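As written, the chains take the letters A, B and C, and residue 1 is the first residue of each chain.
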Amino acid sequence: MSRSLGSIVEALGGQLHGDAHALIQRLAPLSTAGTHDLAFVAQARYASQIETTRASALIVPPALQAVAALRGACIVTDDPYLYFARLTQWWRAQHEPRPEPRIDPLASIHPDALIGEGVDIAAFVTVGPGARIGAGARLGSHTVIGAGAMVGEQSLLHPRVTLGERCSVGERCVLHPGVVIGADGFGFAPHKGQWVKIEQLGAVRIGNDVEIGANTCIDRGALDDTVIEDGVKLDNLIQIGHNVHIGAHSAMAGCVGVAGSATIGAHCTVGGGAVVLGHLTLADGVNISAASVVTRSISRPGHYTGMFPIDDNASWEKNAASLKQLNRLRERLKAVEQAIEQATQVTPKP
Amino acid sequence: MSRSLGSIVEALGGQLHGDAHALIQRLAPLSTAGTHDLAFVAQARYASQIETTRASALIVPPALQAVAALRGACIVTDDPYLYFARLTQWWRAQHEPRPEPRIDPLASIHPDALIGEGVDIAAFVTVGPGARIGAGARLGSHTVIGAGAMVGEQSLLHPRVTLGERCSVGERCVLHPGVVIGADGFGFAPHKGQWVKIEQLGAVRIGNDVEIGANTCIDRGALDDTVIEDGVKLDNLIQIGHNVHIGAHSAMAGCVGVAGSATIGAHCTVGGGAVVLGHLTLADGVNISAASVVTRSISRPGHYTGMFPIDDNASWEKNAASLKQLNRLRERLKAVEQAIEQATQVTPKP
Amino acid sequence: MSRSLGSIVEALGGQLHGDAHALIQRLAPLSTAGTHDLAFVAQARYASQIETTRASALIVPPALQAVAALRGACIVTDDPYLYFARLTQWWRAQHEPRPEPRIDPLASIHPDALIGEGVDIAAFVTVGPGARIGAGARLGSHTVIGAGAMVGEQSLLHPRVTLGERCSVGERCVLHPGVVIGADGFGFAPHKGQWVKIEQLGAVRIGNDVEIGANTCIDRGALDDTVIEDGVKLDNLIQIGHNVHIGAHSAMAGCVGVAGSATIGAHCTVGGGAVVLGHLTLADGVNISAASVVTRSISRPGHYTGMFPIDDNASWEKNAASLKQLNRLRERLKAVEQAIEQATQVTPKP
């Protein structure tokens, strides 16, 4: 199925240069685009690729209009990346019209659950007593909605999602396969060398427009709730401990771990594999690099990193061995400085 | 639903100061407790919060009895945290009485499986031939019990747990959603640049009173079994490789990885995101900090750490660059020391 | 069930020394083998264990034939580890003959799906419209095959695997429980402090003879496909971002994260918990140590590491504190060198 450049601009705006009737068969990356494809160039530093791409048409910022128009059709817009994002949404809606909602006869829905208008429920879904599914929501196969849980309108739960009892998901959320919302937080009291379970009596509350990646886990609170605010985006295989609070529009890449009772501000980003220890507070606008370990609260927005630089193994071995003597090296350096000072009456100055 | 202070002390002990008829509506953290809530104070350093909390009643140690009694009702007990843990268990039992066990007609149970007394099996569960489910055990929806697998009495498998063939779980265990017990260990023999699979013929044996968090994986042994002893607590998204042995009452936080054939002692703790390499041995009572990588066996109990300290990104970049020359710095320092020694006939002494 | 040494050699080759009629009851590790067990010794450095093992028979390389034959039966082969791998496969086939394939009546298979000859489909599987399941493939219970997805011949999808729409898996692959193929890649365009979703229009293409561990996730591409080539082996709880390309016969241990658009060569290995950042390229034959973070492309084969060495916590604290002043230490050292040079007219030489 193809769409004309004209229909794209009609739907999404932008200034078209070129033939409005030209047909686009595929959205494609600049480097692999073919002769019937539409690609985007967000930044001037990719301008050199404009000359070599085989794309039929390009989405470009005003600064690249001249060079793009030289080679063929283009759509000019202030923010090509944003335009492209909206284009993917429009493209999907055009090509994969949502089927009529239905409730599969192989779903197991408790008679005391409330199912809204136009809800789609696939085979082998279970919905517990007192659960409420908002209008237009979709539940993929094998998804489990616990007793008293709530799914907001137009939310999409892919197959094999677990939403624990009394937990809630807002509107227009997307939860990917294997997500577990509302497993017990990790809480035990030590007693005579053993662990006594602290029942986790809280729940999880998730705002609107939240997306949660495959196999990510968000634990229920011990007493109060774990809270994920509006617009948060979590990638795959992330662990969110009990009583964590994540502020609006923060985003985390895959394999991040956030320990219990951490409070993360709004508009934060956390890189893949990073760890945030428990009971810490991160201010709004904090960016944590991949694989960094946040061991203290951060009160100012900014970019923070802590990660051992990779090296060839032989060099790493030498430096790692020296690292174990680093404090000792510092003391030796101080002694050297003092020896020089005594010998020359002059303090070395870096 | 509320409970009186008197009924709590009757069930759990402790010394009540105040009105036994006062009703508690909720267990709450000290900081967010409301006027009908019960909170606990475990340590004297939180004493200052006693004056500001709005909690109706407090659980406190003897040292805080005086200050707590000044402001209202309190329960005095030697270990408030332990008391609180038991209180959460009692509270849940009071408020969520276990429903009558039933076997959902939509479960798929092999006729050669042995199902004990009072077992509860939800919809879409599969139980393979030769599997045995102990009395009072509960299997959440979509849980898979492989051929010849065993679940001990009173264990709770939440929805979407997989227990592989011939694997066993002890009594009173709790397995959270998405847990995978008994996937194949990662074993391949290299041959002409390719990998030849080593079939994993062992199983997984899990003791009593073990809790396993959401989406955690424990692989089956290659020949012998992977073993998790009594009372072990594993958080979410943990990977336990084949032939690992974890001693009794050890606990691991989220996102830990333990490579194959590692032997971890009893009463150990491993912080979130830590990695234990394969074929190592950790003594009883070893504590590993979060995000640390255990690259060698540890024979003495104690606290071990290895983690790059986080910093603002600009500082980190400078220090990380220097780190790659650390061994060279050490050599330069040695040269300086020798130069001073030659010049002054005196060895600098830190 | 036991097998004679003769039948093993007949099936797998090797030179038998000893009684061909001797019966083997179990394959076992050298250290725990009993008197009816068969164990292997791959390397001469384990020769000392040959004298103490209770194994009935041993698989050994020619160099150990003499010492092994002294104590009893042995099979001599050039590569005992490879022999052992093939033996486990033969052993499993002997002891667990594959049951007759059947399609469980409780599976939900779309009438427009194409199911090959001899396919086995367990209870509660869903197969979407247009999906194709190759001859001899097996789908474990609760596995989800999306619309238009493809499973190659003889592949084994364990219970609770999700294969997203339009994604494909080659022949003879093994996917363990909880695997998610084809969840959306993590792509959002920032706009006024919020995130606008980029619909992920690509798919995932997986070659032949690929094995994927429990709860591992491979995201679909944004526009082009994510590609896993033939013979790749991925352990549990691995995250593969969108548009990643993994070359043939590469292997990754548990908990690895590979960010979007990374290109990893053939015959690479990545240790457990390592992170590969996005848009990087790793040459063929690169080996990354466990828990290392790959922050730049690597163009030469070799062994690379970056990991903070573990230490007792007190020592770590001192060295980590010094690390934050490392760049400053370097400047101080330079000043010292200059002071010595000025004082003595001699540059210190390491």
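We adopt the following convention: contacts are C-beta pairs under 8 Å (C-beta built on N, C-alpha and C of every residue); 3 or more make two chains touch, one makes a residue touch a chain.
Remember, predicted model here, so these are calculated numbers, not experimental data.
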| item | value |
| --- | --- |
| Same or different residue numbers at the chain A/chain B copy interface, by half rule | different |
| Superposing rotation of chain A relative to chain C, computed on C-alpha atoms, to nearest 5° | 120 |
| Chain A-chain B separation of Cα centroids, rounded to whole Å | 25 |
| Sequence positions of chain A contacting 2 or more other chains | 124, 142, 160, 178, 215, 237, 255, 273, 307-309, 311, 321, 323, 325-326, 329, 333, 336, 340, 343 |
| Partner chain B, residues of chain A touching it in the complex | 108, 124, 126, 142, 144, 160, 162, 164, 178, 180, 183-184, 186-191, 193-201, 215, 217, 219, 222-224, 237, 239, 241, 255, 257, 259, 273, 275, 277, 288-289, 292-296, 302-309, 311, 315, 318-319, 321-323, 325-326, 328-329, 331-336, 338-340, 343 |
| Interface residues, chain C side, partner chain B - complex | 26-29, 32, 79, 81-82, 84-86, 88-89, 91-92, 104, 106, 122-124, 140-142, 158-160, 174, 176-178, 209, 211, 213-215, 231, 233, 235-237, 249, 251, 253-255, 267, 272-273, 290-291, 307-313, 316-317, 320-321, 323-327, 329-330, 333, 336-337, 340, 343-344, 346, 348-350 |
